[in-house]
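What follows is a set of structures for review.
In what follows, subunit A forms one complex with subunit B and a second complex with subunit C.
Coming up: the complex of A and B.
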């Protein structure tokens, strides 16, 4: 699951670390399943950012699919 | 649901039973199929349907005696469909077309047919079509038997020849002038040479045939009516030899088909009797409502003895009712949504429950039923899809297979109502016992908190022995969501609180509460507020409906509560309004779209349920459940709650008031509790201050409604972000973005500080957990 919509010129920063987010490995889990994905996160503290279209689009579809498994 | 129960439920739905005509036809011609084809002018399709069942369609379409017509549903209205005329239209148009036959490889077992009447010819065509070589022994010098007696005018010989030309393409040898029974054609010799024998020599040959059996213990021919096997091994017999002089062409063909079925089983060493299905003419149990069907006389061909013109055929086909049941599907948007009927649905539910690995395709179907019981009420066999669905939900919950997102919101809403924020049980102010306790329910408290206070104050004035108050939720969301354990716990919580008040009888203001409490506590003394008020008197204020008509909607959970129905109507009249009955009401009422938590599982179906109901009358609606009223109002239907009448608040603003938002519903409950404690019991209650102060523009409020996100969820995110500093910033807008996962759902909020509060720009959520 990759966030295609995020622009390369990232304009989201982690306030604590004052760092621009970069793509990194994140593990998402639901109903006993977990899987690695590439998402934007803070290169220093690791705080993960999930944009709206990803949450309501692909992630929502994945949720529904896992719920019906 | 085990397999046995599945079969039982499936058999209750008779939608797949054939219509009367098809069951009454000895060979079960698909009359609806032919009618549909003729309506479309697709005669080849109609002819194909006829020939699939009848090997000699030309002959049958001229001389069949049409037993099907006796059981045509239209007889109850005017007269039967002219079935044979429609068959004739198909046959006349397409009978001469070349018939393509795909023969299976020739088999080694051979069959002898004695007598070339219609029954024998049917056996021959059927068995030869399966690849068995057939020899026909006919005493006369032509085939057809007794139908040769029909005049050329009634049964043109050309038509017969065309029907019989099928034998040119089949492995059938026709031996004419070959009278079986003696010498080298004795039955004994024939049956030595062939693997099975069929005798269809006609009723006139009965004595002759009997004589062939003189060597048997019975000394005469005995035919088993189910299998057509005779008392001689591997010899079968039928047709008018069996039925006698009252023979008809279609009965003979039917016998031929029954015999062919038996011979085929016999040659394969299979049981002759096991699961044969229905053969011959019988009465169908299909139910069809014909109340809306207009009368129209059967179309007669423009000239006797002629077939229909295309126009006549189409008009006659239009008369057919195309009998089917679908009583439940016609009235239930949910059932209609899946484009089939309960017999199919029950199996889908069963399959869904049986899946161990794989995708559960029917989850949504199981979860969107309103559990309203209308189908059971309408079904001729009382099949209840609601029961099927709730059982399935309980099983899914037990096995951890219930999709968590489906009922998460209503269950959390219920938890809120049964938390300290709303729960309350108290004797009337200044009293220490209660003869009655008022339980308004959580939804009334959410939509109409001020009415709850007003009606309780009124009840306090007039009730002898004191009337206590209990706030909370009855457990309906748990029950509907299949969470049986949670439901039982909720009910026992209620019982305990009731006990602490000395077990007074209960007055409820919500039909769902009444239903759930009666279900959970069968011996509970319980009455609806409406029947209580109707009995003991309404508040004395002037009410004047000026005879205006209000269409009353009965809530689906109160389907069988006659007293409630009457009290509500009585209150409407006492308030000066006229009662209008919607087409489906009382025990036939429909759900408002909330029942069974349908609205959470499939918003679109719920929207259609509401849409259908509100279009049943132009008048303003009146309901006695706040969810029903709110749902109707949500689609712009002017509707009142019965408390609007009782307090004479029947102006436009009551009729058009929109349902308060989800956050507001919870806040209203919490505030109701605090204000009652303060104002009626004089208690000091501290206001629970929100963790952070929020400013939420209307645009964001509607996003929150749509995504079922509460202001309290948002406030948790902002508080968390501000306390920990874990937040992002969008450098283009300057807004902060943060997330927090209080329970199962992760909430995201985009916000910016705005004086002493926070301005909310956007919010969304997801259920996948961020684990590192």
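Coming up: the complex of A and C.
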């Protein structure tokens, strides 16, 4: 399975809560579809960190697949 | 922060495509719509308790097991992969799973009330002889239910065929051609449904969560990290998903 969290070995800190983000199941929603994905998120406020390469790569590709243009 | 992963590396496994751990780890099998679409098709067919139902390209027998348990059908599954069949009978020892090719099904004439093929005809070399075999093993009036990948813009089919793809997209159907083969074989088409939303959801899920399957099936690439973009030919051809129910004349 895809590890969307592989890029970072460093601690990522939530700017709002000052808590270390942990890997957890996040549900992405787009055009009426929902997708569970493992991503870093804040254990307190739920803020999700999406790495740039994921946003520009796989997420962009998934969007194209869903948009059906 | 590191995650610990003890799963095998799918890119270095020495197994056939659908035996790869990336496929076998999927809880509902590898097909759009999952077991919900299977149930929908079965209900459209109107089978009765005790009916004999064959699943062509059964993998490790998820559908055969489910239909037997939920509907009390007498089920049999056929697949080429000994590895998958063994995985199925290891899991459910009395499941009737048999090694065989779609082009020469290991069953007698007129022995089934129904035959199911879920996203499996597209991975076979030529659907016509397989449909002939399905016709042969069905009883008169028996139902054939299938779901599979199609190209909604068939004018791009040739460019898809030239891609180094493996799996269902490589053999995606042109719907009108399939209907013609079914009629030539002796089937009456009863139901046709469009399920392309299921395909899109399925594909997006693979892209986000399963690098190996995404690379192999959608991108024609077996080298990790080399397939960040789905081939433009595939996008142009607008793959979709459909189901049909046909009746043996």
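Simple rule for what comes next: the second predicted complex is superposed on the first by the 59 of 69 C-alpha atoms of A that agree within 3 Å, B and C clash if a C-alpha of one lies under 4 Å from a C-alpha of the other, contacts with A are read in each partner's own complex, and residues count from 1 in each chain.
Basically, contacts are C-beta pairs under 8 Å (C-beta built on N, C-alpha and C of every residue); 3 or more make two chains touch, one makes a residue touch a chain.
Because the structure is a prediction, the values reported are computed rather than measured.
Peer 1: Let me test your reading of the model: by the given contact rule, A:11 touches which partner, first (subunit B), second (subunit C), both or neither?
Peer 2: A:11: touches subunit B and subunit C.
Peer 1: With the two structures laid over each other on chain A, which partner does A:50 touch: subunit B (first), subunit C (second), both, or neither?
Peer 2: first
Peer 1: Name the contact category of A:29: first (subunit B only), second (subunit C only), both, or neither.
Peer 2: Once the two structures are laid over each other on A, A:29 reaches subunit B alone.
Peer 1: Considering only the touch criterion stated at the top, classify A:19 as touching first (subunit B), second (subunit C), both, or neither.
Peer 2: A:19 contacts neither subunit B nor subunit C.
Peer 1: Which residues form the common part of the subunit A surface touched by subunit B and by subunit C?
Peer 2: After superposing on chain A, subunit A residues 11-12, 28, 30, 59, 62, 64-65, 68 contact both subunit B and subunit C.
Peer 1: Quick check: in the complex, which residue numbers of subunit A touch subunit C?
Peer 2: 1-6, 8-12, 20, 22-23, 28, 30, 33, 35-37, 57-59, 61-62, 64-66, 68
Peer 1: Okay, in this complex, where on subunit A does subunit B touch?
Peer 2: Going by the criterion above, the answer is residues 11-16, 21, 26-31, 34, 46-50, 52, 55-56, 59-60, 62-65, 67-69.
Peer 1: Looking at the complex, which residues from subunit B come into contact with subunit A?
Peer 2: Touch residues, subunit B against subunit A: 358-361, 363, 403-406, 725-732, 736-737, 739, 748, 762, 764-772.
Peer 1: Flag every residue of subunit C that touches subunit A in the complex, lowest number first.
Peer 2: 1-3, 5, 7, 22, 25, 196, 200-201, 203-205, 207-211, 214, 228-230, 235, 238
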